[in-house]
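See below for the structure under consideration.
As written, the chain order gives the labels A, B, C and D, with residue 1 at the start of each chain.
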């Protein structure tokens, strides 16, 4: 995980776009990362669709989800999801909230997602289910109030993801890349579980021991480098890599005296570059 | 909502293409908007697939669905859908008729679409079902006669959308952007409902209070600007933004003395521009 | 329908690519058209995937499916499908054989496709089912022998399409454009029927009167021009329009003294042109 | 099948990308080919996603899956799949391991894939099912140890493909092109079987005689040239053809004194070239 703030911001913009391009996020959803040097703050875009987020959109928040600087733009109404989880879970370095089509049937039916193949074990053996209605009655189903965010964080507990009734999912990671992998593979697992249900019947989960052992596959060094390059290549091939952050805006927030122009990720692949050069 | 006729026409061409690009419209379907200064007229393209509509294709109709000027091109056979709804519903400013794959199974099976997730509440708690056969017997299922259009408008009543047996759906909005959002989110809701049905069983609708509260999420300022930018960006990235309307044709209809060349929408995004420059 | 041979050939190459781009054809499948001035011959590509067919690939065959000139390339093993249908059906001007994903479940399960929405009526009320095994026992399921082709043509009878057990479908039309429309809309109907089956139960067909009346919607002038422009635009936007046929090869076969370079279809749209110019 | 090592390497990079572009491989999966002149060795990429593999990534392995030269990069953890199958099956010239969405429901439910249409017969009448748990208990489900690879090879036996419980499939071929065809058509068959199951009920397999006769369709000369051109064209149209291998790296391994720049495949099509020239 990068340690310089401008690098973290660039990676966060990239992660937003990767998750959008891979179908986890759409017009909605958001991804945050804990501040690399101040664990009492986190970084999150202004209210914008993940597919178009740029480094200059990234703002800094306290764990109460208040913007550190007076905002000039709309903020995500649901940013308490991020703040409340960072408060409750010191091990969490990145959070993603999404409404991916693969998880929605489970959120709508109130049925559990379980790991059904080796890569799907990345989400862990259990994904708790949170029903906002239990505690708060009729709402617009958004997680806006601090007490709603804290309730969600309690439901998440020590797990890696939580389903939200009629709404979507929230996923956490020990790093931004772990979060991206887990979010994508949890959706793939959900998709496979749905396809199996629709054609061959309800599948049993992996054996607990298999889930435990397979859970770290996506974090193996030869896997993590492979998947990140793959997702970056696909994003670049679509002409959708984020622009680099400008010095003006990044400087006051990040304290960097001079933001140099640099590629947003190591893995900028040959094919992508060729396309962007055209 | 823009108030200048040329702006409304540009936004209507854009809305057609957004709805096509997001999979609501295909070779068929049409979108109209009420005339911004004359509530007794509406604007609709000549008979053309929504994905290719240009501002110069937009014609002006009376609420009897007669073209204001003698047409030089084919007109949509089903334009009475629009005229009859504008006559019956003074609050409606925009109408979309479509055959989206997500709603067709419901139209074919005669089963209701119900709101199953927060964003899907944009269509309201109830979507009535209209069966042309009840009143008119065997037809080619198109809505062509004024009495067919009036029957459909009666079935719609005060709702936001109506399903049409073996045919498709018609959706209305208080503005063109509200219509676009509602059309897209209703399809997404239908898709999620179908996927749930096929794998996990028939889902119950949201609680009535949830539907009422969540129904306006897509109209929240920080949401509307986000979704519109998102859909425009996707359209532009596909190289499919509409050209701008020419002065010659727009002038006599709209009365504008001089139609200046201007971007068709505020949200023309950086990525899209870059691609079009190539 | 064009009457000049070079125009017919250009339209045939275009039809192949449209049907490939719209998902009816893939690596396999083929489309033919009856010779415009000699009803005892038909035009069909050499053995090549439809997505890449060029006018120069089109060869002339007798109705016995023998090439008029000694072929220099592989021929489709299944060309008897075309010859036998042209022999049996003087009203048929174009034939398409395909394995589209939308029809395959019906071919595999031996269950009928029925018209379930207005546009789907283009295929007619009944699509007969042909099982090669009934008459020929174990085969490789290809239609290669004249007697197999004749059996298929008998099964087709006076209908517009026939399903082939474990294999695919064959569709016919009174013109190439009618064939393209029918093939696409039959697949869309099959897709909607499948989605309904998987989620809401087996749908009844349209009322017979509705099927009769709605069956000609796709041939209405304001519809045919709209759909053809739409499909051409999509093909052009993908950079996949066929090149124009060279004079050298077309001349001996078609007898044209001078093949001028000309656009392959009237509907070459602005957007497509712009992309190809880049 | 090419006989020169540099040609084989180029074809292997191309095969990786074709299988990725056709949806058989994603971030994961790998394809190998036996060494053209030394049957005791095989060729496989360093650990990299198939969609981005270049000729320079291809390494040489002994049948014990040890790299011939000290590797400078991560290797696939599961390369024993390849080595153990080449050891057990002298007729096998190419191996593909994948987690395609079409086969995963069968791997998850423990249900057989059976040939349901003519082209699907390419995988043979029976695809055995291997459950790593039977012999090895709880694992991370990867095939990493030689004894795991040998167990998988035993389960494959003399068949053309084997399903792996909760994991994916491994497919073999008598040539790289046969392997590519079989992998793609087995996925298509699985997809059709799933769609049939979800909508119309469990389909019976083809008659055994049909499977035997139809099994070689994809290897007919007029079919093999057609499919290879088709897949290459689609890959090229997406701008995703592999670059050519550099002389420096290929030389020491392949022994070629001079690696000339040459097109990676015969079938580089006109359309693809045009796009890359832009």
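Methods note: contacts are C-beta pairs under 8 Å (C-beta built on N, C-alpha and C of every residue); 3 or more make two chains touch, one makes a residue touch a chain.
Only a predicted model underlies this, so the values are computations on that prediction, with no experimental measurement involved.
Common neighbours of chain A and chain D under the contact rule above are absent. Of all chains, the one whose mean C-alpha position sits at the greatest distance from that of chain C is A. For the touching copies chain A and chain B, the fraction of interface residue numbers used by both falls below half; the interface is of the different-residue type. Taking each chain's centre as the average of its CA atoms, chain A and chain B sit 32 Å apart. Put simply, the C-alpha centre of chain B and that of chain D have 46 angstrom between them.
In chain B, the residues that reach two or more other chains under the touch definition are 195, 198, 278.
Arrangement of the chains shown, judged by which pairs touch: one closed cycle in which each chain has exactly two touching partners.
By the definition of touch given earlier, these chain pairs are in contact: A-B, A-D, B-C, C-D.
Contacts from chain C toward chain D in the complex involve residues 26-28, 47-49, 51-52, 74-77, 99, 101, 104-109, 111, 133, 137-142, 166-168, 194-195, 197-198, 238-240, 243, 278. The part of chain C that touches chain B in the complex is made up of residues 116-119, 191-193, 195-196, 198-201, 203, 206-207, 209-210, 212-214, 216-217, 220-223, 225-227, 229-231, 233-234, 237, 269-271, 274-275, 278.
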